[in-house]
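Common to both upcoming complexes is chain A, partnered first by chain B, then by chain C.
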Partner chain A sequence: MDKSFGIVNDNMKKNRKYKSHNNIGNRISGTSNFFINLLFVFNCILCIAPILLIIVISLTDEKELLVYGYSFFPDKFSVKAYDYVFTAGDTIWRAYGVSILVTLVGTLLSVLVICFYAYPLSRQSFKYKNFFSFFAYFTMIFGGGLVPWYMVYTQLIPIKNTIWIMIVPYLMNAWYMMIMRTFFKTTIPESIIESAKIDGAGEFRTFFVIVLPLCKAGVATIALFCTLGYWNDWWLPLVFITDNKLYNIQYLMYQTLNSIQYLASGSAQFSESSKVLADLPTEGARMAIAVISIGPIIFAYPFFQKYFIKGLTIGAVKG
Partner chain B sequence: MSRTKKIYSVALLIILVLSLTLSACVPVVPGGGTTTTQPDTSGQTGPAVKLTWYLVGNRQEPDTPKVLAEANKYLKDKLNVELELNVFGWGDDYDQKTNTALAAGEPIDIVFTASWAANYNVNATSGYFKELNAYIEKYPAIKDILGEDFLNGSAINGKNYAVPTNKEKVHNWGYLLKKDLVDKYDMDVSKITSIESLEPFLKIIKDNEPEITPVCIATMDAPFQLLDWDRISDDDVPGALYPDNRDSTIINHFLAPESIEHYELMRDWANKGYIHQDAATMQNQSELMKSGTFFAASQSLKPGKDAEVEATTGIEWVQVDVTRPVMSNRETTGALLAIPAASRNPEKAFQLIELLYTDKYFKNLIDYGIEDVHYKKVSDNVISLIDPDNSPYNPGHGWKFGDQFKDYLMDNEDPAKWEKFLEFNDAGLVMNSLGFMFDKTNVETEISSCKNVVQAYYKQLFTGAVEVAPTIEAFKKELVGAGVDELIAEMQRQYDEWRK
Partner chain C sequence: MSKESNITVIKPNVNKGFLYEIKKNWALFVMLVPGVLILIINNYIPMFGIVISFKRYRFHGNFISSIIKSEWIGFKNFEFFFKTPYAFTITRNTILYNLMFIILGLIIPVAFAILLNEITNKRSAKVYQSLMFLPYFLSWIVVSYLAYSLFSIESGFINRGLLSAFGIEPVRWYFEPKYWPFILTFFQLWKYTGYNTVVYLAAISGLDTEYYEAAEIDGASKLQQIRFITIPLLRSVMVIMTLVAVGKIFNADFGLFYNVPRNSGQLYSVTDVIDTYVYRALRNTNNISMAAAAGTYQAIVGCITVFTSNFIVKKIDRDKALF
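== the complex of A and B ==
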């Protein structure tokens, strides 16, 4: 396994060297280099500024927020918002734990299921390739609708109100499967599989020992997508979870923001709405929850980054 | 590799995927689309009947299991039922969960519903709620407490699909004025008897307090509400009756002479600088009021509203009642409990609902939690929370179900609150339209296009941000284009039919 991966690595290095030699001739001029850099710096600021603003708001004094609105440079700082978050009991931490568990288990299972489906489809020798391709593709175009879907998970497979309901519906994703299939197809030459077969490896051994290690970049890309998908999901708890012990962090945040928005919009025509509104977390506290929920997922990026770009370009669907 | 082996692999793959999903099965309450009703176990013997209750609120309170355990001990002897209470967030959260569960025929036993949550009208007419008339006759306590008028107010075509909370049954409109400023300039608020009689006071503020904006407006929370149109449909749908029962003609209240006159007044106020310039884009009146930079705000009122808003904004207010209290559809469908058609034990569920009207202990247990754990009794009917800042059970459920007049009062509330409420209820004028429910199905398109037009124009008009005459002209034209005439005609037709 190490050997084969080493060969690919060497190839990549050679490739890079070759390219950089080639590039000296048509290197871009200093001025355009400067402007391109400027463009990207500007782009970066656009991306980072809102996150910074959220962090600053979460640290701004509540009264000042009401009177002067949002500002990057508030006059008065306060950590009261975080006080709220840390004293609000174990609800938030519990939700945090649920999110982490679901993301880890979900990503692992989901990558496994997607690879198991994609790999046979990438093999020329698999007879029912077309049928299973179409089977997956079909689900991308047609869905059963909300209520039948709901009934599947409440009556056919009764996993409503368990941790599994946040994992199972996203296990298979036809789109990721197709990316993965293309990735297998383009990265693994049939001859490698043949040679493994000649050396006496069975199908499973070939897959786990030869194919998967060679496709690390693709797997990492899909894993990142899945991680993000599971971490950011609030839709499944919204529909299926009625037990507050199983709320995840995104859903908790969604619930709070949505409640505030709804009550403030005046759609709720009952006389107590203003009273109820005052019991909900303040602007600062909401931003503090947002900051905390960014937490672990921001560390996932550098981890996957190494493979991400390669995975995206190679795995791109080419038909 | 042999073909059988390949097929074997495929089969393995499928089994693996399936086993993944199936191994996830944990036995829970079996879902059932069946509507078979078990016979009610009469008497208090046998295993307790399980009842599920969906309710809207801020959150599921951390101590809910404790409170339910206590409640279930009590209920075991009373009705032989075991209650499960689920609280979901406002708006989308509650609607999504409840509507999906209702549509899928899940056996829930009690749901909170209203004109603004788990849409009462739509769910009732779609057959998701059980008709309760037979139970209301069999267990008459609720009818005695609510009164026939009010109970009929929430009926659809003479059938009750839910029972309303017994609370304030009327509403009126008026102003809240910032108390420190009222005191400072020694204002005689009894002179304020109409929208425009507020003006001299606004002038005082404008001339003397450069930091303070005289009037606070955001979205529908505008002095326009003081005209108190008896609306047929949502707030932003044209079509209303005069609030004094003068006739039965439905008009487009956004373009009624009184409304246009009001827009002119607001334009005048805006020109004089009484209204903040960004009023038309503001979203949340109560947030604005918290900032302490506003003098007056229009509000829907009831006894003790000033104290209530003081608690939420941290600022003292003076309450000025302007319009006359009326009993309209706004109140009758403001908070209801319904029994879904898929419930397996509708009779037990109804008996439980009845307890919320008749049993003071049970009602307060759900409202405030357990005595000496969550609250302490100050006197017979007055309580104080043990940990007011971070109470593990303070859901604020009081107004959502049952008989609110049986609730304990908090120590910071007016001890005569319920007496004042009852007085307020008696003073109310009953609208002729009480109990009329507009069925939108025939005019869905007209309603949604009219809504769009109203949404585009009302903020400018309510806040005096634009010249009135040309805007009204354009508003009218667009509304006619959106089919307002057909809409009003349909409302009139249904209303006339209902009156017969």
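== the complex of A and C ==
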């Protein structure tokens, strides 16, 4: 393709050359290149502008927000919202802590469960691999719906309103499992496992000492999928959590958007001063929490992007 | 020893059954246990829980005895559900929105991927890709914040910044259903276009360059190359992506339809989908059996769609079928 030309900037010169060669050159013209670039610049602005807007709002003076509304170019900036969030926001830090805990524990367990499930299925010599593949795959096609699922976690295994309800339902994921199985299959030749067996290593030892280290990239991909899933989850708390001590950051944001007073009432429990309540930078603080919740994602974005694309490419290979 | 274990597997051994297999590969079975347990709890028990939708569910001590002791009333719950005006509205909304998302989610990302691949400066192409991929990583709650900052009636950017600048009266966005099909479609595309573009871009970069070299020698223009090489070669990825989406046509993205319109009651006629309806029926009206019936209806119709679309694809091209 056009990659053979490498990265060249002066396409004008190149284009003239193509024209003289009866337009054989396998490259788009300068004008179309310009318009395509324009399209993508516009599209990128569309993607980034709303995020930028909440960042600006979180940095705008509260009075200005109340008088002039949300704007990309406010007259008066203020870091009061962040000041408030960092000093008085016990509720916020608690929720942040819940999110971090759930994400860490959830990702760790989830990666273990998924890899444990995927590994036997990747083994040619494992007789029931098709049965167990289908056992997982079927859950992607058919489900019982919300109500029976809700009943299971409230009545059969009552872990409603505990930290576990935000972890357990996402531990196993058929789609990630299949990506991991393909990864094992393509990276680990059966002969390595056989030779480990001859050397006297048990299955678990082989798995932890030989297989997993060879599949670091695959494990990292799955781990990032899980991390993102747990960090961004608001669905499980929405359905199962009523105890406000267990709100995670996403669910706290959900509550705050619905009633702006939520933040104030939450901190009033601890500070007990109604004066604080009156001049809280609630509008700004609300957006500040949203910005803080995106923080880790932006921070880890280069990794996320790299491994997501890798995961997508593996996932595209039908195993 | 290893050779032998291999041979025994290859040989069809009918006599040596499941127990023999467990004894030989016990470690592999142990590895499967956690995953199997989670799948049973999280997926298979709820599947059997579908019986709730055929019963008048009452709580009797625990889950299992409640299911057994609740009165069997056949299709009464379904009748009740389909007699409500919601049944039609939510089904229509779910299907129409998903159709829209499937069509636009195919055309725009494929076009973007092809164009992005043609950009001569690869570094700026990388930057575009990164910025467009970013929304995928934000939760629907964050997206609902973004929507709020734009559409808030008192202080939103559109009312206060844009409309007032042109002297237009502010719009009460969260109470006016007519705008929401566009707003919801916009945010769906906003969140997923980058992701889908990356998928197709990965597929394009995996294509064999020889086709293009040959076409170039034959004097094919760029447009001809796209039309006769790129798009036909991408077809299998497009078919699989679309098939997966069509299979899920009865499953709406709860986060989009619940959080972005902020569950505003005035908007239900255009924002309510099966998933949000079931959730609210379970939560607010506490009519568990009817909520279960709506959920069962969704699960069964959804399952039929998956099998049908898979069957069609199998007819066209065996290799591209999902199962």
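Throughout what follows, the second predicted complex is superposed on the first by the 199 of 319 C-alpha atoms of A that agree within 3 Å, B and C clash if a C-alpha of one lies under 4 Å from a C-alpha of the other, contacts with A are read in each partner's own complex, and residues count from 1 in each chain.
By our rule, contacts are C-beta pairs under 8 Å (C-beta built on N, C-alpha and C of every residue); 3 or more make two chains touch, one makes a residue touch a chain.
All values reported here derive from a predicted model rather than from experimental measurement.
Student: Touch test for A:Phe303: chain B only (first), chain C only (second), both, or neither?
Tutor: neither
Student: Should A:Tyr117 be classified as contacting the first partner (chain B), the second (chain C), both, or neither?
Tutor: A:Tyr117 sits against chain B and chain C alike.
Student: Is A:Phe208 touching anything from chain B or chain C once the two structures are fitted on A? First, second, both or neither.
Tutor: In the superposed model, A:Phe208 contacts neither chain B nor chain C.
Student: Could you say whether A:Phe86 touches chain B, chain C, both of them, or neither, answering first, second, both or neither?
Tutor: Neither partner.
Student: Examine A:Met151 and indicate which partner it touches, taking first as chain B and second as chain C; both and neither are also allowed.
Tutor: both
Student: In the superposed arrangement, which partner chain does A:Lys127 touch: chain B (first), chain C (second), both, or neither?
Tutor: In the superposition, A:Lys127 contacts both chain B and chain C.
Student: Which partner does A:Phe77 reach: the first (chain B), the second (chain C), both, or neither?
Tutor: neither
Student: For the three-chain arrangement built by superposition, which of chain B and chain C touches the greater number of chain A residues?
Tutor: Higher number of touched chain A residues: C.
Student: Give one of first, second, both or neither to describe whether A:Thr162 is in contact with chain B, with chain C, with both, or with none.
Tutor: A:Thr162: touches chain B, not chain C.
Student: Of the residues on chain A, which ones does chain B touch that chain C also touches?
Tutor: Common to the two interfaces on chain A: residues 66, 113, 116-117, 120, 125-128, 146-147, 150-151, 155, 157, 168, 171-172, 197, 203, 239, 254, 258.
Student: Note which residues of chain A are touching chain C in the complex, please.
Tutor: Touching chain C: residues 1-4, 7-9, 11, 22-24, 26-28, 32-33, 36-37, 39-41, 43-44, 46-48, 50-51, 53-54, 57, 65-66, 68-72, 112-114, 116-117, 119-120, 123-128, 132, 135-137, 139, 141-152, 155-157, 168-169, 171-172, 177, 194-195, 197-198, 202-204, 207, 228, 231-235, 239, 250-251, 253-254, 257-258, 283, 286-287, 290, 293-294, 297, 301, 304-305, 308-309, 312-313, 316 of chain A.
Student: Along chain A, where are the residues that touch chain B in the complex?
Tutor: Per the stated touch rule, the residues are 63, 66-67, 87-89, 91, 109, 113, 116-117, 120, 125-128, 146-147, 150-151, 154-155, 157-162, 164, 167-168, 171-172, 197, 203, 238-239, 242-244, 254-256, 258-259, 261-272, 274-280.
Student: For the complex, which residues does chain B have touching chain A?
Tutor: Going by the criterion above, the answer is residues 1, 3, 5-6, 9-10, 13, 16-17, 20-22, 24-28, 30-33, 54, 58-60, 62, 86-93, 96-97, 100-101, 103-104, 106, 114-117, 168, 171, 219-221, 235, 283-284, 286-287, 290-293, 300, 302, 305, 308-309, 311-313, 330, 334-335, 390, 392, 396, 399.
Student: Touching chain A in the complex: which residues of chain C?
Tutor: Going through chain C, the ones touching chain A are 1-2, 5-6, 9, 18, 21, 25, 27-29, 31-32, 34-36, 38-39, 41-50, 52-53, 59, 62-64, 66, 112, 115-125, 127-128, 130-135, 137-142, 144-150, 152, 154-157, 159-161, 190, 194, 198-199, 202-203, 206-207, 209, 212-213, 216-217, 219, 221-222, 225, 237, 247, 254-255, 259, 262, 275, 278-279, 282, 288, 291-292, 294-296, 298-299, 302-303, 306-307, 323.
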